[in-house]
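Right, I'll just put the structure down here and ask away after.
Labels run A, B and C following the written order; every chain starts at residue 1.
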Amino acid sequence: MAGQPVCAAARELSAPTPDLMRSIHLTMVRIRRFEERAVELFMAQELPGFLHSCLGQEAVPAGACAALRDTDYITSTHRGHGHVIAKGLRLDRMMAELYGRTTGYCKGKGGSMHIADFSKGILGANGIVGGGIPIAAGAALSAKMRQSGQVSVAFFGDGAASQGSFHESVNMAAVWALPAIFVCENNQYAVSTHGSRQRVIPDVAARAAGYGIPGVTVDGNDPLAVYAAMVEAVERARGGHGPSFVECRTYKWLGHYVGDPGKYRPAEEVAQWKAADPLPRYERELAARGVLSPEESELVHAQVAREIEEAVEFARLSPHPKPEDALEDVVA
Amino acid sequence: MSNIFYKEAVRDALREEMRRDERVFLLGLDIGRFGGTYKATDGLVDEFGEERVRDTPLSEAAIAGAAVGSAMTGLRPVAEIMYIDFTTIAMDQIVNQAAKLRYMSGGQAHIPVVFRTQEGAGRSSAAQHAQSLEAWFAHIPGLKVALPSTPFDAKGLLKTAVRDDGPVMFIEHKLLYNSRGEVPEQEYLIPFGQANICREGSDVTVVALSRMVLRALEAAAELEREGISVEVIDPRTVAPLDIETIVKSVEKTGRLVVAHEAYERCGMGAEIATQVMERGLYFLEKPVRRVCGRNVPVPFAPVMENYVIPGAAEIVKAVKELL
Amino acid sequence: MSEPVNVLLPMLGLTMSEGAVSRWLRDEGDRVRKGDPLFEVETDKAVLDVEAPADGVLLRRLVFENQTVPVGTVVAVIGEPGSVIAAAPAAPPPPAKKTVSPRARKLAGEHGLDWQTLEGSGANGLITEDDVKRSLASSAPAPEAPGMLSAHRQVLADRLSRSVRERPHIYLTLTVDMAAAAAFRAAHPEVSYNDLFLKAAATCLAEFPVVNASLEDGRLTRHPAAHIGFAVASGEDNLFVPVIRDAGAKTLAQIAEARRALGEKAKAKRLTSDEMSGGTFTISNLGMYGVEQFTAIINPPESAILALGAVRDEVRAIDGVPAVRPVMSVTLAADHRVVDGALAARFLARFKALMENPEALP
């Protein structure tokens, strides 16, 4: 049960339609371009605070959220732009939040690490490693008690899987058979700590067995593999069969935060993963399957480039909060 | 009116609120069949079932987090943390998540969660089971903190806590569960931020928290026999804090004692004294006196525990020193 | 260099024989430089700073505030720490700084009571609310300290007593019709009644020079110019008399300007010694308080003082017909050794004539 790779057949069983596949592609392009632009703006010192880029990891959120409904819940991490874009957030209001403007999703109060939109089931990116996992379990509990049919997804990294909150939440979700899906983006590093120093087991999904729940390890850079695993997990959850664990092996191109040179990673390793860029790889597959031609792909890129520029323009022109706005929204 | 136990007042509040609103549910260790460590939830599982009175695995972080997550998504959980000392394990979910998600999301999140717990010393529970930590939570913007000292206050405040749309730290006292008091039959709520003047007086003001309110009243009775008139005030909630009532009393008496079991250093006494100084320095005849737990972990042996945790005698002494 | 230097209570004014440090400006142990203000002395005229005569550490403060001592008393010693102080202290060492509870201080302030004057019954001499209440309840007027006037009051008291003792006063009163003066004022709004009084008085003094003379120790000195003092109240307790020099040579406008400037300085207690000395005549006006008529005490070494009352409406006979006129009572007090009755009467009549025809003022 531990860490089974998803085979090609399983991928097909999830039967993604061409529309869905193109939608996944669009999401990946949006995440890619948004992250690239955000990095540029950050390095140009237009964005305050920190930026944790998910460049290189786009396939995971794109594939995972494609299996979810609008009303399903997700919690995300400090590296959460991909998750929230994939769950349906607008690029302009996201950019405005990064700029700290009142038009941002959190009115400038949260910033990159805390983007939230409750109308889309996004219960917040979280600045505490592992902080969102218990909350996702709570949302799953709520869904179950209300019998709403919703599922709740906790995105987290391989480092978070060492947190007590992970253990407690997965266990509780298992005991109560909650409609939760625990999605671990294993990009093999927690800041500078390599996975081999984070755990003894090679795959995080091996822990699932310890809680009595199914766990799979998939190629996180293959969006359709991620999608397939999620579809199965969502079915289990919605069917009342309890939580699942989906580990997605992937890699982030930049360091922990933008500006971190990431010297703790061997240069060849980084180069290798960059060469295996999930986006062109997916585009090649879509072209081969006749779902999206290179020309059509170009158009998508161009469209997204325009969206990004509009988003930046929108953000730059948006008003700054008044200083006294800091005093609002503390209590209900 | 009925004369009931404090633990019954807690239970009745929960029962009434669960009947009133089906979104209210309880989770915590041993609160179901077992009825809770201090029997505050005794019998509730029989009426509401195991879905709404949930025994949890031994996981304070997950208990708190599940409460936060379910509160954010339409329910109104009351999570029990068995001892306030164990909130340490749940701190991230209480302090970084529950208290802040509304703010950080720009007002989107509603987190109507109550964290019920209990504190206090007096039965040799030793250092990790006898602390009073209300000051930690009062320190955090976004959290409300209530400490009832009587069954009447417990019921009224807990109902308010459940109906509050934000996170509330509801702190009971382990040695008050079996104290008795009068509670009305008909429904009532006690608002937060409203102190109770338990006893009127004119010579000295004593502000006390939780079980120290009872000690203060004992001290006041003793002092009255010596012709000293003591006004006893129970703030009932330390966040929000009804400083107005306290300052008004100090304006009358000119002398203030603050009494709490919590460690003296950086306890609520420090905050109350400072706020009184800020608003009413020129009402003070003498410096503010604090009668608090000594700055040491609570020891096990009764003779040492009694030395470390103040009682009525310490309040009497402090009052006399101010005259 | 290490010889300690005695600081004496200086004589500030020829008539000063005793005085007090009204406020210490530096504490024992402070390092001071020559010229640093060391303490304040209140005279009947002003509050003056006394400077440190040398560099060094203020080793001892030998008198406490408001303790009257003869001029020339050693009140402080400046030197280097460890040096031996040769002069024996002339008074007991200063008591510890008084403390007061916030509540007591507030109560005292509300009742205009200076808590510094109280003795404290609390720990370490803390002045308590009860101390203040007791002090207020005992209806004795707030004393500075039992039996002690402030330095300022003391000096004033002595002078007034001496004046009455030494100078046989005669008092003459008449009523001035102020209609013309009122009209003049309406036409010249920059000029006040006081300015008119000053100018009129100066004119009279020029015409009756003996009123402008002073008799001291048997010698009569006639002063060529009229330097007129006018009394100004400052705060609750202080009376200052700034002097308009050579009022006779000044125009009305110049008098107005000088009076305004000096009046402000007086209220702020910032008059200099020069501005308060050398007067030859004084005018005192209690009209603003509604007083109709009063007699004043001559300011030594002057020989006369004019006391003015309020301008009030009265029914008078004008050409045999009753009419309502604005009038003012004027009372001249003169030193009968210098000024005899007839002369005083003529002086006063001339004052009245000038006030009833202000256009004629030179």
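Just so it is clear, contacts are C-beta pairs under 8 Å (C-beta built on N, C-alpha and C of every residue); 3 or more make two chains touch, one makes a residue touch a chain.
In this text the structure is predicted, and so the values were computed from the model without any measurement.
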Mutual neighbours - chains that touch subunit B and subunit C alike: none
Farthest chain (mean CA position) relative to subunit B: C
Rounded Å distance, subunit B centre to subunit C centre (Cα mean): 65
Whole-Å gap separating subunit A and subunit C, where each centre is the average of the chain's CA atoms: 86
Whole-Å gap separating subunit A and subunit B, where each centre is the average of the chain's CA atoms: 41
Residues of subunit B defined as touching subunit A within the complex: 25, 51-52, 54, 56-57, 59-75, 77, 89, 92-93, 96-97, 101-112, 141-142, 144, 164-166
Parts of subunit A lying in touch with subunit B, wherever the complex brings them together: 73, 75, 104-110, 114, 116-118, 123-124, 126-128, 131, 133-143, 145-146, 152, 164-165, 167-169, 171-172, 175-176, 328-332
Interfacial residue positions of subunit B with respect to subunit C in the complex: 254, 281-286
Complex contact set, residues of subunit C against subunit B: 101-106, 128-129
